[in-house]
Amino acid sequence: MPILTLSEMAAGQEADLFLLMTSKEQLTTREGKPYFRVGFRDGTREVVFPIWDNAPWAVDCRDKWTPGAFYKVRAVYRETNYGPQLDIRKIRETCAADAADGFCPTLCLPQSRFDPRQMLDDLLGIARQEIADPAVRALVEGMLTENREALLRVPAARHNHHAFVGGLLEHTLSVTRSAIYLAGKYAEYYPEMRPPLDRSLVAAGAILHDIGKIRELDQRPEGTTYTAAGALVGHLLLGRDMLREAAARRAPTEGWSLAPEALLRLEHLIIAHQRLPEWGSPKPPMTPEALIVHYADDLDAKFSMMVAILASDTNPGPVTSKKNVLMQHVYRGEVATE
Amino acid sequence: MPILTLSEMAAGQEADLFLLMTSKEQLTTREGKPYFRVGFRDGTREVVFPIWDNAPWAVDCRDKWTPGAFYKVRAVYRETNYGPQLDIRKIRETCAADAADGFCPTLCLPQSRFDPRQMLDDLLGIARQEIADPAVRALVEGMLTENREALLRVPAARHNHHAFVGGLLEHTLSVTRSAIYLAGKYAEYYPEMRPPLDRSLVAAGAILHDIGKIRELDQRPEGTTYTAAGALVGHLLLGRDMLREAAARRAPTEGWSLAPEALLRLEHLIIAHQRLPEWGSPKPPMTPEALIVHYADDLDAKFSMMVAILASDTNPGPVTSKKNVLMQHVYRGEVATE
Amino acid sequence: MPILTLSEMAAGQEADLFLLMTSKEQLTTREGKPYFRVGFRDGTREVVFPIWDNAPWAVDCRDKWTPGAFYKVRAVYRETNYGPQLDIRKIRETCAADAADGFCPTLCLPQSRFDPRQMLDDLLGIARQEIADPAVRALVEGMLTENREALLRVPAARHNHHAFVGGLLEHTLSVTRSAIYLAGKYAEYYPEMRPPLDRSLVAAGAILHDIGKIRELDQRPEGTTYTAAGALVGHLLLGRDMLREAAARRAPTEGWSLAPEALLRLEHLIIAHQRLPEWGSPKPPMTPEALIVHYADDLDAKFSMMVAILASDTNPGPVTSKKNVLMQHVYRGEVATE
Amino acid sequence: MPILTLSEMAAGQEADLFLLMTSKEQLTTREGKPYFRVGFRDGTREVVFPIWDNAPWAVDCRDKWTPGAFYKVRAVYRETNYGPQLDIRKIRETCAADAADGFCPTLCLPQSRFDPRQMLDDLLGIARQEIADPAVRALVEGMLTENREALLRVPAARHNHHAFVGGLLEHTLSVTRSAIYLAGKYAEYYPEMRPPLDRSLVAAGAILHDIGKIRELDQRPEGTTYTAAGALVGHLLLGRDMLREAAARRAPTEGWSLAPEALLRLEHLIIAHQRLPEWGSPKPPMTPEALIVHYADDLDAKFSMMVAILASDTNPGPVTSKKNVLMQHVYRGEVATE
Amino acid sequence: MPILTLSEMAAGQEADLFLLMTSKEQLTTREGKPYFRVGFRDGTREVVFPIWDNAPWAVDCRDKWTPGAFYKVRAVYRETNYGPQLDIRKIRETCAADAADGFCPTLCLPQSRFDPRQMLDDLLGIARQEIADPAVRALVEGMLTENREALLRVPAARHNHHAFVGGLLEHTLSVTRSAIYLAGKYAEYYPEMRPPLDRSLVAAGAILHDIGKIRELDQRPEGTTYTAAGALVGHLLLGRDMLREAAARRAPTEGWSLAPEALLRLEHLIIAHQRLPEWGSPKPPMTPEALIVHYADDLDAKFSMMVAILASDTNPGPVTSKKNVLMQHVYRGEVATE
Amino acid sequence: MPILTLSEMAAGQEADLFLLMTSKEQLTTREGKPYFRVGFRDGTREVVFPIWDNAPWAVDCRDKWTPGAFYKVRAVYRETNYGPQLDIRKIRETCAADAADGFCPTLCLPQSRFDPRQMLDDLLGIARQEIADPAVRALVEGMLTENREALLRVPAARHNHHAFVGGLLEHTLSVTRSAIYLAGKYAEYYPEMRPPLDRSLVAAGAILHDIGKIRELDQRPEGTTYTAAGALVGHLLLGRDMLREAAARRAPTEGWSLAPEALLRLEHLIIAHQRLPEWGSPKPPMTPEALIVHYADDLDAKFSMMVAILASDTNPGPVTSKKNVLMQHVYRGEVATE
């Protein structure tokens, strides 16, 4: 029996799948017929369907299946008026041996199109190349390395953009590239600035601007929620904490000296990167470096939202619905209607 | 010769004064006559007047007098169409011996009507009595003690309210008293709350809510400005830093254990106490304790503004001008026009 | 058969209940099966359930049962997937004799936890003690007495806070206590105010600030709605009308003299107590007395909202949903998740 | 010697004038030369000029001249770089006999271009003709008659529009005409409305919408200020008070019966006519009648502002400055630059 | 068999109808029973009902019926708990011969109560009479004539007001009448304006203010959507384009000369008529003419919304729900509850 | 005698200068001494100083000197308390022969640091290289060429940013470079977009986004003002007009075919590039291409503002004043205080 992903299955096809159970609700039809509505997903798609009271899996579903657990499932894939469903033939929890067949829990969550390890390497490479100040460079490299495991996983946001495994890295890499380009350009345009535009600071700030997401978000198989500190304090302040802790930890031991002014500017850059108070920034960007990172970040988030809206909206006519994260119509154009 | 304060002097009276020079500007009349406009103040009043080019003090003024320095001045006090002026007879910088005559630099700045030392003692007494949790109590007492010198001096704001020596203490004491009253009342009204309303947390939060002003403001004889960190990060975050540093410093050495949950709620209370994002709070009050401290704080600030507006506005008619910090008319009433 | 309240019943238990019918809708299932969805409540809980077409009560339900009427019901209490339901055995409208068994229509509505009569007495006691000006005191006492019946009943708002029998009194009593504390404190802090802070006015204003709710809201068994005047004019203006009418009525007959200035300040306090124009206040608080009452009122409303949100929200994780009357997350905390 | 108005005088001409003294300030030049700056006006223009210390009128100016008093002045009119000035030859307070020469105090204030008595007659004529409901008509006629003296004088606003004697009448007449036209038109367009559009109500509401200005503004020779009630309560509520008092006064004595519903709708119309809460309306227009009056009123105010801006702005180029009451550029056009 | 409209049919009656099919959705009941939900409408009403799988029309419905097509239907009209339904006896697409029985596709859409041809004639008559400037008059007449077919059809908006065939004409005619009245009145009140108020411009602007709707909206039998240009550019700019194109087209050929200043003022009037930037106007009204048209337009739209809300809202109590296009309560009054 | 620019002159130095007269005001001192205040500038600096009544140039100044005219001036440069002044020795209007000495009127205005001709060539080079669609490329090249003279001169804004000769080109070039970089990056990141990201459109849109400034601004020697069309319609719409006119003009004659879809997207990009309605955009960016150009434009404007604020602010302390075009503090940093 082939091992497939959900998006690879054709209607009527039978295959084995490694799936994460995402939800289980006990419901009753209006006529009083009890049933469970269950959800399963892998990295490519999610399906939600009923397990009827008289179905063969009804007892197991009620007593054993657990949201957040991983299963090896043999099933026939069906297209119905309620969307895709699975006709389950066999099901068991995954075990260690399944790794040999390519199972990995993380793969059951939506994924960045890019390899997280490669993205983290790219980011480290950029840090080494673009941050001229050795103290800042060591700080940034250290933080990326110490938070490696979390960085490989964490999304950039719960829902709005890059809400998938590796999303924070994908977003950060894109923002960093834009910010470095823009810093280079403006440093060249305005050579008379005093102090000169600090390209090291822009690169470091872009890399670290969202690092607090690691403490803000709690990414679990069954869904991403806020941590207590994330809810009460937020990622801007938590990211600044991580920076200050890393700076304090390193200072005495490593022999290099991070200028207090550079640290302060970097702290500011992190807390100001959302710019508007209603988006959570207690201060607007007050340095040219913070201004650049804000724009690079904001465009990247908005652009990815627009791409996602264009990919998923099914409104008829030349524009999408305005019920989306941007709260506006997006133009789909003539091409898209063909 | 008597030693007086500026507010004690009558028109035409001569006396000795201990004064802070607040400003010195070199100007020229339209006719080309050069002169200096100088400002002097003590804790009771400020006077600004010209030193003409041909006046006896012209050379000393230009070469020796320095804004920010303190002087013993013998002068005749004059009321003129340009406001009060000093006709200087003798002037010298203050010296150590002047302390015997009651001189103290701080006394040349505007003062709280209350004795800062007494206010700090009151605050410590409240902390000891109202904070039941020993770890929180030790933390608050420690922070008050370690920051004693700064607390005795710092204003609550640069301009808007309690902008004088001891202002932070005066404001904090008032907010704390209100917050403790309100916490007691609501704990009694809503005994069923789970977790119960934490009165220790309210008292600690009220005492610490503005502690970051110590790092935000740089109070000098010639005027209060923002520090670099104050400008780029702000007192909400700086106050939270002070709290976290104090908690980290104490934890290992003193044998008591501050619950992480209590620390987090206290951090939140500090950063949320301004409530609105446009006032700098990255999060609104999300706990009942933070809600109480916000209201106690906001009323105290607004009430003191209204008192100050009523005391200083000279608009004719039953209401003040609306050009004030509240940006609205305040009603002066019939009584005030008698 | 025991007489119980809804909240006292266990699943499967049979008992007699005094209930208010709150709703009756005629519906049809998708299969064309007609039924009624009916609602019943007492002071402790509301249940909503179907009466099927072929059920024994179908004809009575259609022809006789009336929303807004009170019934004595014998029923078995059932817990179902659609929530609690009643399996009705006997049902008749209440009659005078039921009073002997403790029936009282008001008891079928949600209630304040405090006894309205006691609260009104407390409020009168406060008025007598805290209002030094005899004319203001007589006015306030008179208004409380004349509106006694309404005050014992009326909620503080339709939905947002204290939306239950006695809610206006409960809210008013709490606001008045806070306002008196705060007025006392600030009168002591700012003895130099001219005119001095008027504590009588604060107490009177706090007691009367929401009195217009009596004319704004129409509290009926089947739900609270706005009166025509409530909709077109609102409780701020209606409360001021009640004050002016009471002052005009009393003036000639009772021999005391209410100062026009005091009346005007009290009128202002009522219309300004919501502070913001978008909350309906045509003027912001322009006197220190109005400022105090606004803050005491606003905190009391927001605090009770937060308590209610914490008590009812069922969102998983450390914070509540933000779909609530405060439109923000509230922190539930670690304790609550145990 | 001819008796002229200020606007009739040519540079260098000597004449007698009846003038109101509007201001007197004691100032000193930078060189210490004391002088008075005095202002005089009549209905056509205001002039402000110095009375030097050594001028013949210096002593009289200091000791006798009083802002708010009226004078008969013989003077030569001069055009200077500081604007028009008067070279006073003779001056005395006006006396009863001056009436024979056409003096009237009101004429020294800026005037409507229309005769207030005629405007009031027109308004009464409209009321009689357009208000079909006899009770409403009697109420409106009564209020216009009882407030005759105030109506003949009061401006429509302190500064923003129609800020001159008779301004309230001029504005009210224009609003009423527009509102009646619009009500007629929409009654015809929407004959199916239930209740039908009430043209009597629109006419009455338009006539009374700003009547509260009479109690809000205190118009004195030296300038218009707010009354205490105007400041604390505002003209919307004061106008509604006047309406309710008039209705209460009449009801028992005159034998007609004003429908409570009509009174309530009229009250609403008055308090809602500014529409937006930030403009002081506690409720938006909630009836079609209130909607019409709001638009007729708002257009009339904005139109008169635009006319005044076009008449007075001296900005070069095709648009006016945006420092005006509309806070926007107004287009002057090509024609105006000829 | 009689030919009726939907609104003429009584429950149980059988008749022939000319109907537009508006929707067809394939659905399945929870029990897995497939069915179609279909919608049909004529100019008076819309009905939506199921065609069950086993019904006689099931196959035709699936294979032949097409939303957007017109049908002659013989059916019995039923009132059910799900609203009105049709029990179809015969059905065929309309053909040319049906015109003889009065069929016209446009009549199947909701209609203005007024005859579009008559309204267009009225508008042309107004243009000829009220526009004194011959070049402007010719321009307006030309545009009305060239766009005759579209004008007879297009609604004034997709949903908010006048959303029916002829709606744009109905709205435009009403706005134009109001604007002409107001322009006449203000020209008379302010004869001193320079340049004088241009009544031709007001009339032309009122007639053309919404002409861009013709290019913005795509009105099809199955519903009105935005065109691509409508979505990306909007009717204000598209209307200005139509004006400029018409002016450019005419200029060389017809011998008259449109003043560039008049054209520019007319362009401004069109793009400014919504006044607020958040409503899409890039500039506020900057001329008196534009101000008048804005107010006439805004009142007409709001008035028609309020009429529609009052006609359709079913909320109990004296006010409507606030879930409507005005987002506020509207007062229904005592009359309406009888 | 050397020919210098104002910024090259030292105090007390005498030289010849080519200057533009920028202002002439007739004033009088308080003592009645009449004088003229005159302003002269070249591309490097502006000086404003008095010409006293008894000075040798008084008569010429009054009778002959004209703001907006150019002069060859021999003068001694003085530093005074009122700022730099010129002690004029000789003065005459410039003549054709002065070109030989390097005089050029444009050089008397503030200049871009870059050569306008070179910038325009760069822009054309970019257009040729980056716009793949031949029709779009020809359109853009044509518009740049046809508007060459204006482009070489026009500023990017009246005051806020790039307010100097060549400013529009400098701003456009920078925006275009950023936009092209960003478009390239996102095209690579999101290859799955349908339609794919149109890099030609981004480049064309960036080049043309502000082209309407040419019709909006009237740049004269004496200052930049709005044209009538600029005031009434604005540069967004005027730029779209220029685009549409160029497209219409070319279409029939040049044999290439611009896709209507491409033209519409480009129109949208121009009118949407300010994003927010309160900044004048009637539509937000609704295409990915428009989003990119908006961000590139907004960052470039804000960055140049911040650079200018840092260069000119003289506030003491670590931050600038907040009275600047960004209405916020900008951090100057420790470096700047050395």
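Should a chain be cited, it is by its letter among A, B, C, D, E and F, assigned in written order, with residues numbered from 1 in that chain.
We adopt the following convention: a contact is a pair of C-beta atoms (placed from the backbone, for glycine too) under 8 Å apart; a residue touches a chain by one contact, two chains touch by 3 or more.
It should be emphasised that the depicted structure is a prediction, and the values quoted were computed from it without experimental measurement.
Asks: What is the set of chains touching both chain E and chain F?
Replies: Chains in contact with chain E as well as chain F: A, D.
Asks: If you tally the C-beta contacts, which comes out ahead, B-D or A-F?
Replies: By number of C-beta pairs in contact, A-F is the larger.
Asks: Between chain A and chain B, how many degrees of rotation does a Cα superposition need? Round to steps of 5.
Replies: 180
Asks: Compute the distance, rounded to whole Å, between the mean C-alpha positions of chain C and chain D.
Replies: 45
Asks: Can you pull out the residues of chain C that are in contact with at least two other chains?
Replies: Each of 30, 228, 231-232, 261, 265, 268, 286-287, 319, 329, 331, 333-334 in chain C touches at least two other chains.
Asks: So that we know how the chains sit together, what is the shape of their touch graph: line, ring, star, complete or other?
Replies: If you draw each chain as a dot and join those that touch, the picture is no line, ring, star or complete graph.
Asks: Judged by the touch rule stated earlier, which pairs of chains are there in contact?
Replies: Inter-chain contacts occur between A-B, A-C, A-E, A-F, B-C, B-D, B-F, C-D, C-E, D-E, D-F, E-F.
Asks: Flag every residue of chain D that touches chain B in the complex, lowest number first.
Replies: For this pair, the touching residues of chain D are 26-28, 30-31, 34, 225-228, 231-232.
Asks: Given the complex with chain D, which residues does chain E contribute to the contact?
Replies: Chain E residues touching chain D: 174, 177-178, 181-182, 185-186, 189-190, 192-195, 261, 265, 268, 284, 286-288, 291-292, 295, 298-299, 302-303, 306-307, 310-311, 319, 328-331, 333-336.
Asks: Which bits of chain E are touching chain C when the two form their complex?
Replies: 29-30, 80-82, 316-319, 329, 331, 333-334
Asks: Which of the residues in chain A come into contact with chain B in the complex?
Replies: Going by the criterion above, the answer is residues 228-229, 231-234, 236-237, 240-241, 244, 261, 264-265, 267-268, 271-272, 276-283, 286-287.
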